[in-house]
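See below for the structure under consideration.
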Amino acid sequence: MMRLQVPGYELLSQADSLKYSFSGTGVNVSSALSRFGHEGYLISRLPSNPLGDAAESYLRKLGISQSLLSRGGEHLGMYFLENGFGARPSRVTYTNRQASSFNTAPEGTYDFDQIAKSIDMIHFCGITLAMNDNVRQHMKSLARAVKANGGTVVFDCNYRPAHWRDGGYAKAKPHYEEMLELADIVMMNEKDAILTLGMPTDKCEREEQLMDLIPDVARKYRISVIAGTHRFINGDNTHSLRGFIYKDQVFTFSNLLTFSVYDRIGAGDAYTSSIIHGEIEQFSPQQTVDFAAAASILAHTIVGDTPMSSVGEIFRAMTERVSDVER
Amino acid sequence: MMRLQVPGYELLSQADSLKYSFSGTGVNVSSALSRFGHEGYLISRLPSNPLGDAAESYLRKLGISQSLLSRGGEHLGMYFLENGFGARPSRVTYTNRQASSFNTAPEGTYDFDQIAKSIDMIHFCGITLAMNDNVRQHMKSLARAVKANGGTVVFDCNYRPAHWRDGGYAKAKPHYEEMLELADIVMMNEKDAILTLGMPTDKCEREEQLMDLIPDVARKYRISVIAGTHRFINGDNTHSLRGFIYKDQVFTFSNLLTFSVYDRIGAGDAYTSSIIHGEIEQFSPQQTVDFAAAASILAHTIVGDTPMSSVGEIFRAMTERVSDVER
Amino acid sequence: MMRLQVPGYELLSQADSLKYSFSGTGVNVSSALSRFGHEGYLISRLPSNPLGDAAESYLRKLGISQSLLSRGGEHLGMYFLENGFGARPSRVTYTNRQASSFNTAPEGTYDFDQIAKSIDMIHFCGITLAMNDNVRQHMKSLARAVKANGGTVVFDCNYRPAHWRDGGYAKAKPHYEEMLELADIVMMNEKDAILTLGMPTDKCEREEQLMDLIPDVARKYRISVIAGTHRFINGDNTHSLRGFIYKDQVFTFSNLLTFSVYDRIGAGDAYTSSIIHGEIEQFSPQQTVDFAAAASILAHTIVGDTPMSSVGEIFRAMTERVSDVER
Amino acid sequence: MMRLQVPGYELLSQADSLKYSFSGTGVNVSSALSRFGHEGYLISRLPSNPLGDAAESYLRKLGISQSLLSRGGEHLGMYFLENGFGARPSRVTYTNRQASSFNTAPEGTYDFDQIAKSIDMIHFCGITLAMNDNVRQHMKSLARAVKANGGTVVFDCNYRPAHWRDGGYAKAKPHYEEMLELADIVMMNEKDAILTLGMPTDKCEREEQLMDLIPDVARKYRISVIAGTHRFINGDNTHSLRGFIYKDQVFTFSNLLTFSVYDRIGAGDAYTSSIIHGEIEQFSPQQTVDFAAAASILAHTIVGDTPMSSVGEIFRAMTERVSDVER
Amino acid sequence: MMRLQVPGYELLSQADSLKYSFSGTGVNVSSALSRFGHEGYLISRLPSNPLGDAAESYLRKLGISQSLLSRGGEHLGMYFLENGFGARPSRVTYTNRQASSFNTAPEGTYDFDQIAKSIDMIHFCGITLAMNDNVRQHMKSLARAVKANGGTVVFDCNYRPAHWRDGGYAKAKPHYEEMLELADIVMMNEKDAILTLGMPTDKCEREEQLMDLIPDVARKYRISVIAGTHRFINGDNTHSLRGFIYKDQVFTFSNLLTFSVYDRIGAGDAYTSSIIHGEIEQFSPQQTVDFAAAASILAHTIVGDTPMSSVGEIFRAMTERVSDVER
Amino acid sequence: MMRLQVPGYELLSQADSLKYSFSGTGVNVSSALSRFGHEGYLISRLPSNPLGDAAESYLRKLGISQSLLSRGGEHLGMYFLENGFGARPSRVTYTNRQASSFNTAPEGTYDFDQIAKSIDMIHFCGITLAMNDNVRQHMKSLARAVKANGGTVVFDCNYRPAHWRDGGYAKAKPHYEEMLELADIVMMNEKDAILTLGMPTDKCEREEQLMDLIPDVARKYRISVIAGTHRFINGDNTHSLRGFIYKDQVFTFSNLLTFSVYDRIGAGDAYTSSIIHGEIEQFSPQQTVDFAAAASILAHTIVGDTPMSSVGEIFRAMTERVSDVER
């Protein structure tokens, strides 16, 4: 997607300029994994026009290999971002989404078997699942092909009410279940279980609900790893966040961390990509969740959606207190 | 439409920021006429979101009354503009056009009879005619209502090949003919007659073709005033332009003027609005065409699509040589 | 007034660019009320030059009707703003104030009876009262005309020591008393009573002083509604604020709210316009004061002097905790 | 003065930011002479506020000694500049001029005898002469003191119609005559002789008028050196300029030079300061006028009012054709 | 190298911001060839710090494969660019060059045999030859390895007096001769033959000198293709340029083209990369030289050192007159 | 040095522009003392190129007399600054340091005796001591000359591990000891005593270590005044700081102050210059340390390295609570 952000804290009706970049969950996760030393690809379709050229250059700059990108169609999904401040929340206005080259990619755009052979692991996002039947078909075919080929499937639930619209949870449920069946690693928390999967709980506290429901989800859909976060938004431009991972029937939590927020969008993708990195590198669950929480905190201090921190910087943030200027 | 322009002379794949404004032929003509002392309205539909809010504020700033604007739908037509320089032409990339609130306005969005009663004159543009059947239906109904109510109908041919696509001239012809039948004042030149209306001529020079064909067009469709320009693009960031008006069976021409170009887009709308102003104010044809040519030249020196010159400034540009700093 | 703000946190002697906008208490209140669904006018005089043109467009953009604006004179009041940060306060440098088109408007510029007939309510500000005898004469004549015509008079005390200079309170008192006699709704707190009106109190705490003095003010000048705030400035770019309203002999208070501050100027006008809105819409005193406090907090997060929040956004801020990105 | 310039080619009613700098004829001439290796002072008064601080730092940056600057008063003269392009002239809007610290400096602000002793040469400008009686009194007293002390007096006629307003030439004449009597070096051309001094000529061409009138002026007011330029403004962002110097009863001319213009304001001061430099350094008249013409042309390519070229750069521009990138 | 450019037309002593990018002859040629559909590599060394990270991302964005880049050392060569305008030439200030990671790369940094095997063609630049003995050693070893492996060697003479300093031509000659012996395709013109190689000619006109000397050069050093340009700089921000190619004992010339210049730096590399492309694609000499001249002209209209035009855009510029906005 | 700062919070690999300014410990201290009413000089060497011109203008702007500056060499030390945010620390990348005009100034660049006669006090910084033997020689010769001439020597330990590299403390110790022998006023804290001077202590808390070691240092090297700070970095963009001064065998401390940080670099120089000012003005130790702590806090709120607060502003910050907008 193209992100068009009003600089500073003006509204769209006050400003006259925008900063633009290209992002999206896939971009963020793939770029972060490249920065961690893996080979990151994006499977998508970009328009055959100057916007597509700009997006392609930008993805290369982020370290993403362009070899699985195709070009065609005329549009790019876009969103306009007005930065919030303190008591005033940030505001996102989507445009052009259904008409995007990605969402209108015809049958045969991607060679799923070929792709499945060239990668070890694949990441899908619930936002994409909300797009349209065509896209959902692509996702599921590809997930099956990767699975069949012995690859690992990651699924990030990422339910967005605005995309599914009225009665969305009911519409979404069968698609989510299908993806959960295929997935090895899942990003979610108790809200996904309650709202999307419709699972009941008699607990009231978020943490209790989590510990009540996530083991059931893992069991029911045969998922190896479920991870996610609890986030609390404070009035003074700080957030608090605690990460968890559920693996081998054990919950592991990070500390509850409170931190200043500069750019919140995409910070969840920093968490996701770090969980994936921890799994690939066979970190202990504690190390994985601490690494992911630190990566996510750093991502909140980075301009743009896409995480920019190296493994070294994340480890430094895990182990040290906030430091003075690095010279 | 929302204009998203790369500042300076970078390409979209080089830059990271955009200047935005809101324009379109209707906006440009209506705003120019407001600046000339008339009451200018825009009949359109803007999305019910922060982009629509921004557009509405911007139109107010330009002096356009918002009383005939409605709100609804989710999208705004957009175009990205990369400025050319010298031998490198400017480049426009459209996006989101068919999905715009305007192009998806349902039956009943506008009350044509009510509108027809509240205005004296209405301006239509051939670009709008290229949109879709629904929009064309709106245009023609409104033109008929205004005509029935004794108002004046202006039609600017403005044929854009990219919008009509393959076989466009044939597709466009019946719609253009219908609008020409309804119009009192028409903006066009010999190319519209030859290409869109398919009229034959055995002349080779542009000016001869013009003088051969335009009287036929005026006669055939019973049009009172036909006006337009011939434009020549030079390699050194200058253009040359001569305006004409055909009225009462007489052609009147402006001088051929050569001038430096800063922002070419919308300069045609400055010409159109000035022809309209000349007709309303009952200028002589020579005064009208000279006023319109001067207005158009000034519009090439103005940032953005929308003309910003006052009547006084245009008269100064008509009568004086280029002057030093005005203090 | 024209606001010329150094962007970011540089001083005038460090920077080389300024952001400009047009504001002032009248602009802020009128624009906020337009946004709340009322018809907002500004009664003022702008210079007949490009600065006046820019100001007029800007006011239209803010939704203010230009029908009561006149043009004449050569100057606009201006102020330069250097943003403070943490321990370093913001700094305002006024220029050109006495020479402004508004402050030099001759007798007969405004037709008070005509104006009084076309409006239901009028807002005056103590800053204007500090300008000069001519302006004070205009204010009082207009207030009397509106009152005579059955309209409501709002007066915001807004005493600024820099404008009245040495011995200011004594100079100001008779003018303030005259305005208070004419006013139905007054914005003030105990400091105005003590310093400007010279009223004694034996209380020490601000809140006790307020509750001791405001009822006397209301009684003495026959004022229906007195409202205002107590503000506390913290060292970490946050402020704390509690609003009050005194009506029908009862004090109603908002909670003491602590919030991050981005742009403090004009936040008082957000409070004032919201009190006015609450009175027009016949909110309960509690609803009015909560609405006004929330509006003021949001105004601290908005770039520029002029409030930009809609009724919906203010209600959301009243009832919900700080929320995540709105998508 | 403070120059507040709309960046790029937008109008004040389109833009939202300004670039600012501090200039004025005195600043430009003094700074240029500092750059040429002389000691440059400015005799002026700046306000005691952050604007005065910013101006003082800026003058230091330009190489002007602050030892003859005083501080007091509250205002600075300002002008807003909207850049023209091609057929659209640049536009200057003055503000705050009469109220400036300089124009309101009381008797006794400057110690004329002290100043006269510390300098060799002094430059006055006709713009200052237009301000008010107080300022004119300062100018004449200082000119007399410098003259009495054996210093050289330079006077630049620089008649600005907007400052003298209606009947300005008649009002200005006695003051100009007084300054011409005191001056050793005068910047002017035939227009000053005809319009301000009311001298008759029966010639029609500018150059003939110049050669007819300037010798009379030199004789009548006993002026050693008279210098100036003829400027022609072309439609394509270029100007043409020829410089002259009249000394020892001989006219010497530069070539007529045509050049691209980036920032026209202050280019006359580059010419003046270069004539002064030529006189101090005892260049031949031909060298002086060629140096001044080249300096003026370079000043048209420099951002801001104040010339920035070194002696070396000006000599290079005099002797060489336009060169490629200097590496 | 890192290019640090003052935006607009200010000098370093006036501005306070810089635009930065990463370029150099190798970057420009490699990136242009990537854009033309070849696989482009850069053989260089970047520092192991955030500047190196930024450079590496930037090169990826330009489409250059990073697989032959190494990291090490602490510095990057930089140059500061102040844009000229009209009569004022652009100015380049180099810094940090000898200390750069590239110029201090130790023995063994590059595996020449390995590189030679992985590429078909290699481009060297005379600027690099001026650096130091170590770098010269690297260049020659690599050229020999490529040649030995059957690859094509391109050498661009690009003599820069500032790098070789006093007596530079004599110092440079043996190194240039060594490179010419190894080269298959050489970029040069008659000046290189006269000044660097010290070849005599009795012709006076540039074109005659060229036709006199270049065949001797080709014969003496057994060079298949010699190409280059003649450039003329006009006073109005335009340049004129004619390209030539000498191949199979025949000279072929492009037309003399005159065009507006926005950014002159790197335009020579657009010419070079287009000659290479023509040779690879086996264009006729006329097509090659016309393609290269058009590519170079477009590169003068592009921001930054690096050409950004596609093959399609260059062909369009070769065959069409300057066109209106592309929509 | 030239500071090249990425604006906002982007990284070098994300942004494309830089803000630049010129600073360094000597610049900061000298400029602050000028602002406090003293005459401030800088003893340094700047390159003879446009970067040197820009630096020289900038220093003049800061109020530093250029009379002890010399010009020569080709380079300027530079550093790139990426702003940290919250949990992400700021990052400094040095470049070009050893090659700078200052670090390569040859014997005889400075006339130490002449300099010593023209000044009352001199400030040296430990960063300079880390440069090279040549520079160290200059420093010590000058310190001795000033001392011999009765002047006061200030030495700021400012040990930077990155400059001394491996085994740095041992390498640094003899040079530090030599400077301490010569110094009257020293800026340091217990860490310098422990790490650089290798002094043992059996205390664990920083404050105890300080009180244990500093008196020994003062005694051993016969230093009149030792001052410094303890700084604590919090996670929410605030720091806490306590200043101390040791004089006449007595420790005096400021309060521990917690404050928001905008730009941390150079805040130590604000502390140093304020200690110097207190000593010159014979403030009491309490007043000196409070003044210095307040100055340092304000410097954290100022853009750029160089303190910009006046004596009046610092006193206001010492005595008042954070205030509202200053109008």
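Just so it is clear, A, B, C, D, E and F label the chains in written order, and each chain counts residues from 1 on its own.
The rule we apply is simple: a residue touches a chain if its C-beta (ideal position, glycine included) is under 8 Å from a C-beta of that chain, and two chains touch if they have at least 3 such contacts.
Which chain is which protein? Per UniProt: A, B, C, D, E, F = 2-dehydro-3-deoxygluconokinase.
Source: prediction; values computed, not measured.
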Same or different: at the chain B/chain E interface, is the fraction of residue numbers used by both copies above or below half?
different
Pick the pair from A-C, B-C or C-D whose contact list overlaps the D-F contact list by over half.
B-C
Averaging over Cα atoms per chain, report the distance between chain E and chain F in Å.
45
Where chain B and chain F are represented by their mean Cα positions, the distance between them in whole Å:
63
Touching at least 2 other chains, the residues of chain C are 11, 13, 16, 57-58, 91, 236
Using the touch definition from the top, list the residues of chain A that touch chain F in their complex.
236, 238, 258-262, 297-298, 300-304, 308-309, 313, 317, 321-327
For the chain A and chain B complex, residues of the former touching the latter:
4, 7, 11-13, 16-21, 49-51, 53-54, 56-58, 74-76, 78, 80, 82, 91, 93, 95-96, 98-99
Chain A to chain E touching residues, read off their complex:
57-58, 60-63
Within the complex, which stretch of chain A touches chain C?
8-11, 13-14, 84-92, 94, 160, 162, 231, 233-237, 264-265
